[in-house]
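I've put the structures underneath this note.
Both of the next two complexes hold chain A, though its partner changes from chain B to chain C.
== the complex of A and B ==
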């Protein structure tokens, strides 16, 4: 029973990591850049959502209408998509053609900048995102006692959103002309450009989609955790990047699969680490190592199978 | 190839200036003197660690995003060895060396039991750090730049979590406190006032001098030319018989040794180390020094360390004062915003830093191999693939 509960918790966080990982994987697929600032984009999505809800319903509001919640979160996510495009235009575009080291260092600089700008705007304290009444508390399905398995509106909605966005992305990338342009750019930008693909538009769209999904993922992670601060981006960004690499960077289904695997392993670690005896100390291994799961998976996958689980090409990725 | 004389002169002058600084600022009164020592010793840490990182990032072109793990290993090794068994190591030396009195204590500083204990700790820290770099370096030798960077970042985060969670060894989040001072005459009722404030500063200058010597000698040797060749064009280097894996490992090990030394210098300054010192931000600040100064440029990185160390410390001390004066609370994070902007702006407008490597210093790398420096992987450039 406990095992099922941990697994379900892991699946719920895992799909959120997956949503965020899509941003990494799409950008890497198109311009081969680890967009280090993606975690911060997700954090901004959560911050802006919290701010909008605060403006609209008052900071002390207890109950928020569901429709208002959806509208303002969507607005914030769209705005965050705009931030993503801006990020590319301001920071990365001027560096096209220079060394990859420069681009990566710029991305790190952008991450540092956004994280600390967020502190200056929203402060270093904990923020919360207000949710409609009963959204995370009312169980639709409850098995076992009070601490047993429970599924709430929140869980249903993130699963629905994830399934919808995955199908939407599949349709966009595989079935439309624009998706074909994206795939062509990922394969060979020069050839794609010669065939009339407008590279700037493809790159901008990639950043928009990745940042939009990242914002929703950021909001959901923030709700899931209860409270969040400006540092949330660093951790979820790195975990999501690990998920993207695990699934095979450049592969959208891979990012989701990677996210789910890392989420589940992390939940198991949180649940079972303390039951593994520590070789030197009384009591089990510290559950503080839960956060090491993502990094460990990341290092192992890079060393053992750099092309990832669903990555098709070997060699040139790592 | 002879040593570039201009550079040697520059480095010597810088070291002498750093040595004289505490004496010069003494004339400005006590407060200015203490402030200059605080800022100066902080800058020294940045200069040391940036020089170390420069070997790997600047000279070999391998982005390491977790240098703080190696600095931290040095600091923790030192702290744990010095405090173990109620400062047993110092007690051990105290039983050997004669007890001195008066000014003899600082004239014969190398007989001080605390100092001897520190000297014992240094090689251990260096060896452990090099072993760690071997452990991380061997499996990652073949990784491309981006992936190597991410592995080092993940590794540093894991190192942080281990230090934080293995409290039986590292004292956990509280950190190791009450680390003995560099010299026995730095603390206690019989301390020598001047040295209680300056000893760690002079130690920092000495460590920096060692770092500069190692880095310059390494760069000007055939090994250094191998490193530069690997950085400039891995493929060309390999086809000319340069063992790329060997040189990547070499740069990692030299970096880790110098970083461990930097960690001991950090410990001598703070006499305290905690998981907070292993923050990811620290790694980025070291990188910032290297990038600003000019990747691969010894002089530039020295300047980068001074500039950012001073900027950081002056802002940390100065911002509350300014906030109070203008009646508006300036958040402390302003300095990180500034560091982020420096990274972005330098990469965009001066990718070779404020003091780029001069052509003649660079000669002998790839040029000797007859290759050009145009085949490095580029970022989304038309006509190239990935």
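== the complex of A and C ==
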């Protein structure tokens, strides 16, 4: 029973890592760039959502209408998609065709720049995202008494959103003409552009979709955690990047799978690390290492399968 | 590929939605009473209540100071503070206010802004009579540089930090006195410079905000009353962002300023421990208004503090749970830094002596923790009567929120 609850907790955080990891994996699939500023894009999504909700319903509002919450979050996510495109236009496009290392360094630079920008605009203190009454606390389903497993609207909504966005992405990439253009670009950008694919449009769409999902992921991570600040993108981005690599960078289902694996392993670590006896410390291994366990699993899997779980060795990405 | 992977998920979601049973009723269930949150003094901050959004209600927090305006000395300070900053002072504002006052008196006693002279003057404040009477009681030091001050219990009630009706038996707070009864005259000449170090940005920003506010208020009062030795006092700020490496930078920066004669800070124990050696080598006296780790003043004649240590705090926390709340089981959440582990160690030691059963000690790393759901699930599986938090207000608020979501607290 307890095991089931840890697994469920892990699944809930894992799909959020997965949503964010999609942004890394798609951009890498198209232009072979590890966009280290993606974590900050997610942070901006959460910041903008909090700001919109604050404007609309007052900073001290305790409960807000559900419709308003959805509308403003979507607005913020769309805006964040725009930030993603802007990021590409300003920072990465001028470097297209130059060495991959300079683009990578630029990405790290943008990450720092966006963090400091966020401090200037929103300050360094902790922020919270207001949610509709009972959104995260009212149990839709309660198994095993007051202290049992509790499933809330929040959980149901992130599950449904994940299912919908994964299906949508599958349809976009595999079934549409535009998706074909994306896949062609991933395989060979030069040949694709010779065939009439407009590279800039493909890249911009990729950034938009990744940033949009990242913003929703960022908001959900902030709600799940309870509060957030300008640094939230740093660590979440790192975990999501690990998830993308674990699942096979370039593969969209892989990113989700990687996210879920890391989330579940972290949750198990939180639950069972202290059961493992420590030779020196009474009370077993510290649960403070729970985040480290996720990365250990990443290393193990990469050792056995360097291309990641669902990754391919060749160029068939996106 | 995708379809086959998500199909089970869809089934799960549908199954859960259709079988949905009625929501759990509030109040008591067969799982026993709701748990009570007790926090160490790191939790004492108005932002704990604000960030926890209602989940903090009913928590008890140990603190060296409560803004209890029934005491005349505190009332004057509190009114001046609210007039200036539009919010109530917390413990760290009050302790910094007193720390700056203490340094000012030490400079007066030394007769000149001289580092060695100030240190000797501080060390000479070794009894209640020779100590500095401030809003947090009398500050005086033992030969180690430590300070014995009582601990109080605050309760979160109606969204505010109030003095709890249940207090543990420690001698009541010293008689608070309003400072600055000198005739107003103009301070002239070269300013006397002191440093104030704290987390002005980063995860402990609210502490820093309060420290700055407390220091500025005392500075304004001192300068309005003729300054120190007839010269104006000036503060140089050092932001350590609650991290060791930044604390070392701040200490080196302070040490490199020949005109700087004393430091108020650092706040976090871990920062104080990191900066201690630099102040000792540079022979700058430092007075911390917040570091409670037992080792902070050890092995340095130059480091002082104006509040209790974690061994005392840990004992008080444990005794409060067993004697005042009359509870027998608890789960401990502790921050994996010098403050959290230190406080937890002494808490557990006292718990063992007095028969309070620590069911589980759960550590977290505030730099990387993404969420507390699974750690709270672990706590929940032990069904403790009390949840004790040895950490900072920000993470404590997240733990309180996660406990409420999990149905562990009301």
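Convention: the second predicted complex is superposed on the first by the 304 of 318 C-alpha atoms of A that agree within 3 Å, B and C clash if a C-alpha of one lies under 4 Å from a C-alpha of the other, contacts with A are read in each partner's own complex, and residues count from 1 in each chain.
Quick note on the criterion: contacts are C-beta pairs under 8 Å (C-beta built on N, C-alpha and C of every residue); 3 or more make two chains touch, one makes a residue touch a chain.
Treat the numbers as computed from the prediction; the structure is a model and nothing was measured.
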item: Chain B versus chain C as contact partner of A:34, first or second or both or neither; value: first
item: Which of chain B and chain C A:281 touches, first, second, both or neither; value: first
item: Contacts of A:97 with chain B and chain C, given as first, second, both or neither; value: first
item: Which superposed partner A:142 touches (first chain B, second chain C, both, neither); value: second
item: First (chain B), second (chain C), both or neither touched by A:116; value: first
item: Chain B versus chain C as contact partner of A:172, first or second or both or neither; value: neither
item: Partner chain(s) touched by A:253 [first = chain B, second = chain C, both, neither]; value: second
item: Touching partner for A:270 - first (chain B), second (chain C), both, neither; value: second
item: First (chain B), second (chain C), both or neither touched by A:291; value: both
item: Contacts on chain A seen with chain B and repeated with chain C across the two complexes; value: 119, 123-124, 286, 288-289, 291
item: Contact set on chain C toward chain A in their complex; value: 1-3, 5-6, 9-10, 13, 16-17, 19-21, 23-24, 29-31, 47, 51-54, 201-203, 205-206, 336, 360-365, 367-375, 377-378, 380-381, 383, 394, 397-398, 401-402, 404-408
item: Interface residues, chain A side, partner chain B - complex; value: 31-34, 91, 94-106, 108-117, 119-120, 123-124, 188-190, 193, 234, 238, 241-242, 245, 280-281, 286, 288-289, 291-292, 294-296, 298-299, 302-303, 306, 316-318
item: Contact set on chain A toward chain C in their complex; value: 2, 5-6, 9-10, 12-13, 62, 119, 123-126, 128, 136-142, 145-147, 150-152, 156, 159-160, 162-163, 166-167, 169-170, 221, 224-227, 229, 231, 235-236, 239, 252-253, 256-257, 266-267, 270-271, 274, 283, 286-291
item: Complex contact set, residues of chain B against chain A; value: 61, 63, 65, 139-140, 143-147, 149-151, 153-155, 157-158, 161-162, 164-166, 168, 280-281, 284, 287, 291, 331, 333-334, 336-337, 339-344, 347-348, 351, 376-386
